[in-house]
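Consider the two complexes below, in which chain A is the common component and chain B and chain C are the respective partners.
Right, the complex of A and B next:
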């Protein structure tokens, strides 16, 4: 019975470093989030609208690449070492993937942030989706590649641990948390092949000037081949914590180990062959392929609903262990004072709302209603922006003490912070969804148009803007409170009285799981077959029509020449005078 | 206290989306609720929740469930 740091002091240091990298990204991301919220709602405009894409790129990349992935490599390291009860095979190797990821992040950040400085001829205003025709400085792609290779090595590290453990425990089942990490990583390997090809074969050579043009639809399709599974890469660590920690906080045990394994296998199989559902409006892909992607997407509901059922059942079990009774009264017996519990529970609740709006996105025909509107950011701030982000913050309230040996600085502030995130997100995301239904576009610095008014069905656009701005501000305050709490915690005095780092055995344990579930080779094979089925024909037809490097078109931004700058200046001045 | 302070905080938070979207739902059936009324209603809900939560617990808990 001891805290994580007592058993694994060296691994704890790596995890701390990963968490802090993640928190720094969160700080930057939240800052830009606030700026752009106030900008697009026309409340305060600090930056020039021409810098909007720089801000939006920084927000997107730091939030969904850096903040999430650095945090999750920490969580995965914790999960594997804890559940196998063995340290990493080589600390030097572990530190090296962490350093590679960090260096990659710095390389990616330089051109993004250089976009703010006019005197540096470098930019990466390509948004976190970075497909052509938007073009970034080569350093952006190089950094991203290093970062992804870092995550590959991290995966190799966890596989190594598992292989070493298996040779000593040949007849045992893979412990559930390790199983979750391994299946997620297999999915990640399959998914990242898409952007590896996109970057190394097309975008990087193109940005270096080695090739004239690329096929924009091909780079888009390769991005989305990766772009859907990446959402599960963010989500699986949150699920891992819901399955392992949440029941523990609630005072009980996970309901079913076999069900949890089935869920992760299903995600491994179904995450990738669905990416085309982000391209329903792309003219170059025929309807039939989109229909297949939609069907696969609807199947993905199954593991999500299984998760909802298992996790809620486990929580209820916990509540009843604590003396909860009645149909609903047991809810009162849950440890709502614990920020780690409350944060995760609220995150799960918001995920349900995000799931509903996701169904609208996923339907081929209703997608046309909301495509590229503010509805879409409304949707994913519920999923990655809350289900994942709030679960990570809540998890940090428990994990940080485990990896530092220091008690949380302030529990009440932590509790308040998680609830504030929920309230802020309610305002922001709700208004974003509604604004999207009116047709207000996303990725737009000034969605206010002369001679045209968006017609609100209820209330007014000004009210929706106000809701977005209030929500965004509350979220920013919440992020600051979180970061402050983490900072003070790191300076706290170590304590001996931390809860012990054990993950309770599920009620229905691994003995009840069919052995085939642990056959990772089989699932990998099926996953690859599904990907080939879903993608070979669409890719072939895209390449067939446009060629690997055609039909091209001009890159954006166009290389700045003095005449172009002069022209832009003249245009701007004329615009201002009108 | 009927429920813990943490639970009260969560209950208040959960009432926010309900109160806001009640206005949207009302408009579907043709009732236009002004913003000021929504604000007043939210305040009322919060006060009511706090009042209920701080009542002394019932002496004999009901055995139904």
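Right, the complex of A and C next:
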């Protein structure tokens, strides 16, 4: 009965470093998020609108690449070492992937942030999606590549631990948390192939001037080949915590080990062959391929619906262990004063809402109405912005003491913080969804136009703007409170009275799981076959139509060149004269 | 494998929901006839639009009694032609391409919405029942002046509509 740091002090140091890298990104990302909500809604505009896109790029990259992935490599290291009950095979190797990821982040951040300084001729205002022919500085692509290779090595580290453990425990089932990490990483290896080809074969040589043109539809399709499974890469560590920690916090244990394994296998199989659903409105891809992506996407709902059942059932079991009774009265017996529990429960609740708006996005024909409107960021602020981010923050309230040996600085403030995030997101996301229905676009510095106004059927655009700004402000305050709590915790005195780092055995244990579920080679093979089926024909068709390097076209480095500034001025004057 | 009865019921319910979603989308495509933007058009060199018969002069063209073609070029940071004027109650087919980066062509508050990718031509056929004025926005980030990229779509009453010669 001991805390994580007592058993694995060296690994705890790596996890702390990963968490802090994640929190620094969260701090910058949250600040930029606040600026965006105030700028878009025309409440406070402290930056020029052309700089909005630098801020937006930084917000996207720091939040969904740096914040999420640094945190999850920490969680995965914790999960593997805890469930195998063995340290990493080589600390030097573990530190080396952490350093590679850090260096990659710095390399990516330099050209993005240089976008603020006009005197430096370097920029990467290409947003998180970096669609060609918008072109970033080569350093941006190099940094991303290093970061991804760092995550590949991290995966290799966890596989190494498992292989070493397996040779000593040949007849044992893979412990559930390790199983979750391994299946997630196989999915990640398959998914990142798309971005690796896109960057190494096309975008990087093109940004260095080695090739003249790229095929914008091809690099865009390769991005989305990666762009959908990456959301499951963010989500799987949250699921891991919902399956392992949340039932424990509730006072019970996981309902079913077999179903948990089925869920992770389904995510491995179905996360990748769906990316074309982000391209429903792309010319150059036939309706048939879009239809296939749509059906795959709908089946991807299944593992999340199964998770909803298992997690709620596990929580109810915990509540009944604590003396809860009745059909719904058991909810009152749950530990609502524990920020780690409440944060994850609220995150799960909001994920249900995000799931419903996601079903709209996935509906091929209704997607016309909301594609690239503010509805879409409204949706993913419920999923990655709450289901993932709030679960990570809630998880940190339990994990940070485990890896530091120090008690949480303030539990009441932590509890308040999780509720504040929920309330802030309710305002912001709801208003964003509604604004999307009016056709208000996403990714725009000034969604106020000269020639027309958006018409709200209920309420008004001003009311929606106010909700977005209020929500964004509450979220920023919530992020600050979280970071403050983490900082003070790090300076706390060590304590001997931390809860023990034990993950309770599921009610229906691994003995009930068919052995085939642990056959990772089989699932990898099927996952690859599904990807080949879903992608070989669309990619062949795109290359056949437009060529590997596209039908021609110039590169558009996103720098503020003098001609561009001049053209903007001319446009503005013309508008004024009209 | 040991699966709880409630869990089995939930599983069946979830599958029914999924099949139901697929069925409604399929009905939308086949029954209602909402077609997807597809690969029906040839690729085109975005730097050579001046020499293209359709896009050298972006315009509205009458091609049948109640049928109009609209050729639109999206570029940093405008749409051509602007405004686009079409009659109510006709089949209007938009052909949209980009001269530079990825844009979108999105008529605010309607489901007329497509990505515009350099090298590709997006087509869609729509009918506007009522006369009115609609804003057209680019809803894909296309560079530092993205927020200034807009145009107007004016749907004229059927009996008042007149196509100007050489309009662009």
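What we mean here is this: the second predicted complex is superposed on the first by the 555 of 578 C-alpha atoms of A that agree within 3 Å, B and C clash if a C-alpha of one lies under 4 Å from a C-alpha of the other, contacts with A are read in each partner's own complex, and residues count from 1 in each chain.
Keep in mind that, in the parts below, a contact is a pair of C-beta atoms (placed from the backbone, for glycine too) under 8 Å apart; a residue touches a chain by one contact, two chains touch by 3 or more.
Since the structure is predicted, the reported quantities are computational estimates derived from the model, not experimental observations.
Student: Using the superposition on chain A, tell me whether chain B and chain C clash or fit.
Tutor: fit
Student: Looking at the overlay, what does A:372 touch: chain B (first), chain C (second), both, or neither?
Tutor: Once the two structures are laid over each other on A, A:372 reaches chain C alone.
Student: Mind working out whether A:405 is in touch with chain B, chain C, both or neither, as first, second, both or neither?
Tutor: Touch partners of A:405: none, neither chain B nor chain C.
Student: Does the superposition put A:251 against chain B (first), chain C (second), both, or neither?
Tutor: After superposition on chain A, A:251 lies in contact with neither partner.
Student: Scan A:346 for contacts with chain B and chain C and give back first, second, both or neither.
Tutor: After superposition on chain A, A:346 lies in contact with chain B alone.
Student: Does the superposition put A:458 against chain B (first), chain C (second), both, or neither?
Tutor: It touches chain B, and chain C stays clear.
Student: Of the partners chain B and chain C, which touch A:150 in the superposed model: first, second, both, neither?
Tutor: Touch status of A:150: no partner.
Student: In the overlaid three-chain picture, which partner chain does A:332 touch, first (chain B) or second (chain C), both, or neither?
Tutor: first
Student: Return, as a multiple of 10 degrees, the angle whose vertex is the Cα centre of chain A and whose sides reach the Cα centres of chain B and chain C.
Tutor: Superposed on A, the angle at chain A reads 90 degrees.
Student: Who contacts more of chain A, chain B or chain C?
Tutor: The partner with more contacted residues on chain A is C.
Student: Note down the smallest distance between any C-alpha of chain B and any C-alpha of chain C in the overlay, whole angstrom.
Tutor: In this superposition, no C-alpha atom of chain B lies closer than 18 Å to one of chain C.
Student: Let me check the overlay on chain A: which residues of chain A are in contact with chain B and also with chain C?
Tutor: none
Student: Give the list of chain A residues in touch with chain B in this complex.
Tutor: Touching chain B: residues 325-327, 329, 331-332, 334-338, 342, 345-346, 415-416, 419, 422-423, 426-427, 430, 434, 457-459, 463, 467 of chain A.
Student: Chain A touches which residues of chain B in the complex?
Tutor: 3-7, 9-10, 13, 16-17, 20-21, 23-24, 27, 35, 64-65
Student: Which chain A residues qualify as touching chain C in the complex?
Tutor: It comes out as residues 49-50, 52-53, 56, 125, 127, 131, 133-134, 215-217, 220, 255-256, 258-259, 279-287, 290-291, 294-295, 298-299, 301-302, 305-306, 309-310, 313, 359, 362-366, 368-369, 371-373, 438-447, 449-455, 508, 512-514, 541, 545-546, 550-554, 556, 558, 560, 564, 567-568, 571-572, 575.
Student: Within their complex, state which residues of chain C touch chain A.
Tutor: My answer: residues 1-4, 6-7, 10-11, 14-15, 17-18, 21-22, 24-25, 28-29, 32, 34-39, 41-48, 76-78, 100-102, 104, 106-123, 133-135, 137-148, 150-152.
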